[in-house]
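Comments concern the structure below.
The first chain written gets the first letter, and so on, giving A, B, C and D; residue counts start at 1 in each chain.
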């Protein structure tokens, strides 16, 4: 809360100036560089933030149904004199840990562990913070046979139903339903170089161009940067990173994140559960521009949305 | 159509009554067809009469949304809702071709404005809201229009206090609307809860395919969930899984019958029994006012076979090997309506 | 509701006369005969009752997590002009069906299917009826590894939390936590020849006498008959069976059960959810006699309880 | 002790302050011991000093409830609650011997009145209610007294707004109280919810063994659940399963480490770290008033090793083979308090 730095909107203007243009080769490279930063190997991961912004953190394990998923971290932490539940996908830094964490791709057990911890937090009256960082939910036969789709949808349903304040922060790569499964929140914050997209650039390249090498073009088409997500209304604020990116200074990145989180939680804690739930529903209800000839342009969302087709 | 605040109200007098339409939409589905499973050939009329199920082998062909409504409803037809909503192009998206061109092509190919049709309809005398996805329009993909129409359908059913029937047939979120398409998953999941608050049931029908962000949002949240035989039901499709994990998948991976064994659906229901089955559960959960209709039970509940049918219905109609358990001996007389 | 027949208390006196005595060889035989009737091969099972007392029944399948358990039946039925959720363990009559139904021994998937259906019923405002008939929850490694203990405890927790009316009926053999997992209800009814026990006579025999052949002696020690359960406060009413036992006349047995159910539901539907929940808690809170020297005899339960040790 | 209505109130002036007691209860546990795993021999004092964990191999010996309270609490001791409740014999039960004789024998063997001890206690300066089961009293079985004391402990903690710590060590329901013992499962599950309503956490410790109706009721419902190494945690024990299903079970079947991999517990915690670990989570969830204690962090949170410890703590401390996944490379420096 020191100084005027963590000022979402004003900061966003700066980011927008950097990444918002939509044509030209140089811009492609800027956007691609930002997307690469979102998944930089030295970028802080979920536990890097949690361990820095909490005075203590107790991780919990298991879904009480089938297993424990190391790709998803969940637990209780002490944050600014209150207990807060933290949940997030966890990537690994070296090869062994990457394998152990399944590259941050959660299985149904991960979402169900998260739901279990959220339910406890809701009963105990603790705010919930999710940290989103995943290339997607795990695409494996075992995950499918144990209900990956239902795990994600029920996670969203539970998050919408929560009485306590909920903040989601996209800290790196937020791809696909696997990311959104932790994304139903009162506020969605995004780090400056994080992305939030319907699919990874590589996945889109394979599907839409039928050519795995078109990831850069796909990224340019999706432009899933924090600044654009803010414009679309998908993100409520963009959290600045240290100069050069979060990977250059984990401490400072965590400090800024913590300041944004605290300010956001204070805002939300001033509201009643009913107020939060109505606003939470409306927040997602209005996302997605479309054309409604009878009602005029039903441009449902967006702070700075493009004109209808 | 007017929007009040953030919520949707429908001015009924603006609704277009579409009734039975033999020609406009569903151009593809009305073509003559050769069964991909058994090579039998059928005229379009034969297909339509048999609800586009192969009479020889039971293969379920795709059905357009409007024909679905004709299959489900009463002779009186249905009243389509919000048919004029059309996609915007928020990302000014281009892959191999521009998104706006893709939409134009889908419109002219299908005669529809989007990949979903919502309607007021009576199913076995029970007034419902139906939201039927159509795979022929850009693979049934869910963009802002599909999300918006689904949300309005939920709100409309809750407001009227009548059941909602959703039929999914979709490859998932519409890539061309990017992150905003992803957000439709959230919108639909939240909107569905309006029905729970109104104590109104939602019947979910999973048709081929129900995958990606559709299976991972509203489609897996029905109070009662039926799947059509052979429908692929998965978050990640078989190709993605095989490419990512190098797993070799079983032939029936993700198919309705296997997902029944996985505990993911309540029953696999042949399309020719679907309207009766939906009507039956609606008569249990939300019968029309007056209850008098119960005095004349629907056809499938009459006769001496009734009890046999109900007992057999309690046994999942899937091969024993899938369950890993021995099937009871009563498998020969499955009863009429299962 | 025709005639005065379904009158719990007065009927109970008759049963009490038959089974209540606690010594003498002849009484042993009566009690043993009643316990054998509870698991008679021709006794009506859960679906036999549901199919008779509902005008229609739609069975649901699967826990949406892992699988579908044929040992547990759950679905929605039309009962006296209202929708009611029915849940119960299901035994099989011939060898194949017994195997398919796993002898009515449910796995975690069974309890989780039941919970799923109860949650839907609770949201839709439908009363819930459970039919209890099991030698116990499935004692298998797979069931343990998927959390059999937690499945049963969470089922009890959910049932206690329900807003809608809940009635449990022990229709045959109610043994162990596997039975109680469906037993947290506003009213617990027991059929005349049903049993409700901490363990089956055979299991008790093996554990307490270290001799599998002492089942009769175990039964005499536990005396888990409907009449005794009524005395202990475990059952709220005893439902008469047709002369000779329920297996002699499925139609009549179902008709009487339906009458008791309808009367009980009408009673409960006259209460508010809050009233039902308080009473539901207190009902179980007071079960279990003990000695409290400071507070005198804290004979917590029982209509006709024995004196303290 | 007075009962008002159906709820329990405690008149504090009647509570007996027991403090540290070196001799009365726990006679068995204070004996000299030979480790069943590694055959090392220890005096009773050595055992007590090492919290009855074998210093050579880490085997966890049984501990009486009173000694548990001494291990968990501050030097100031604890205040026992409801110690005079004793079993009745509602069934006038006799198996090989009468139930009343069994109770008398257990009382004289253990010096206790029942298989559970409840107390007010401070764990790392956080006032709590503790309910500690004792396996030496009739196998820790749960009859009406155990159920009643657990329910009172829940209500007392909820009323005071302080956390509840439950330690389970039990073979399950007490057979000799028959159906009424079974009903204690329901009673305890319902009573636990009083804590949720009061927004007070419950910390569950699963000691060897936690089986049968105890695992299938309150013991599986902690907000945070720790298990002691090697503890058997199961609804049906290995012998019953092998006899019923003819399965051959793995050697670690139902053990704490395997149940961690099964997702059934949050962590396996060595008894020598248990009080610190409980204190730590209490300081996160429900710190004592004033928060000033946070200025002087407990020992395990000090020094440069703190962060390492916290990172390592996020990785389950179980062998990679159990998880079926490769363990990350950081396994060597596990940090101090994990």
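The criterion applied here is as follows: a contact is a pair of C-beta atoms (placed from the backbone, for glycine too) under 8 Å apart; a residue touches a chain by one contact, two chains touch by 3 or more.
Bear in mind the structure is a predicted one, so any value in this text is a computation, not a measurement.
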| item | value |
| --- | --- |
| Of all other chains, the one whose Cα centre sits farthest from subunit C | A |
| B-C against C-D, pair bridged by the larger set of C-beta contacts | C-D |
| Subunit A and subunit D, separation of their C-alpha mean positions in angstrom | 38 |
| Computed distance of Cα centres, subunit D from subunit B, in Å | 51 |
| Whole-Å gap separating subunit C and subunit D, where each centre is the average of the chain's CA atoms | 31 |
| Per-residue overlap in subunit D, given as positions that touch at least 2 other chains | 220, 262-264 |
| Residues of subunit A touching at least two other chains | 64-66, 146-147, 150, 154 |
| Contact graph of the chains (line, ring, star, complete, other) | other |
| Those chain pairs that satisfy the touch definition | A-B, A-C, A-D, B-C, C-D |
| Parts of subunit B lying in touch with subunit A, wherever the complex brings them together | 1-3, 6, 14, 84-96, 100, 103, 143-145, 147-148, 151, 173, 175, 177-187, 189-193, 212-213, 215-221, 233-236, 240-241, 244-245, 247, 249, 253-254, 258, 262-264 |
| Parts of subunit C lying in touch with subunit D, wherever the complex brings them together | 22, 137, 139-141, 143-150, 152-154, 156-157, 160-161, 176-177, 180-181, 183-184, 196-199, 203-204, 207-209, 218, 221-224, 228-229, 232, 234, 280-282, 284-295, 298-302, 305-306, 308-309 |
| Subunit D residues touching subunit A - in the complex, by the definition given at the top | 196, 199-201, 220, 223-224, 260-267, 280-281, 283-287, 291, 294, 297, 301, 307, 310-311, 313-316, 323, 325-330 |
| Touch list for subunit C against partner subunit B, complex | 47, 51, 55-68, 70, 73, 76-78, 81, 83, 90, 92, 94, 96-97, 99-102, 109, 113, 120, 123-125 |
| Subunit A to subunit C touching residues, read off their complex | 64-66, 108, 112, 146-147, 150, 154 |
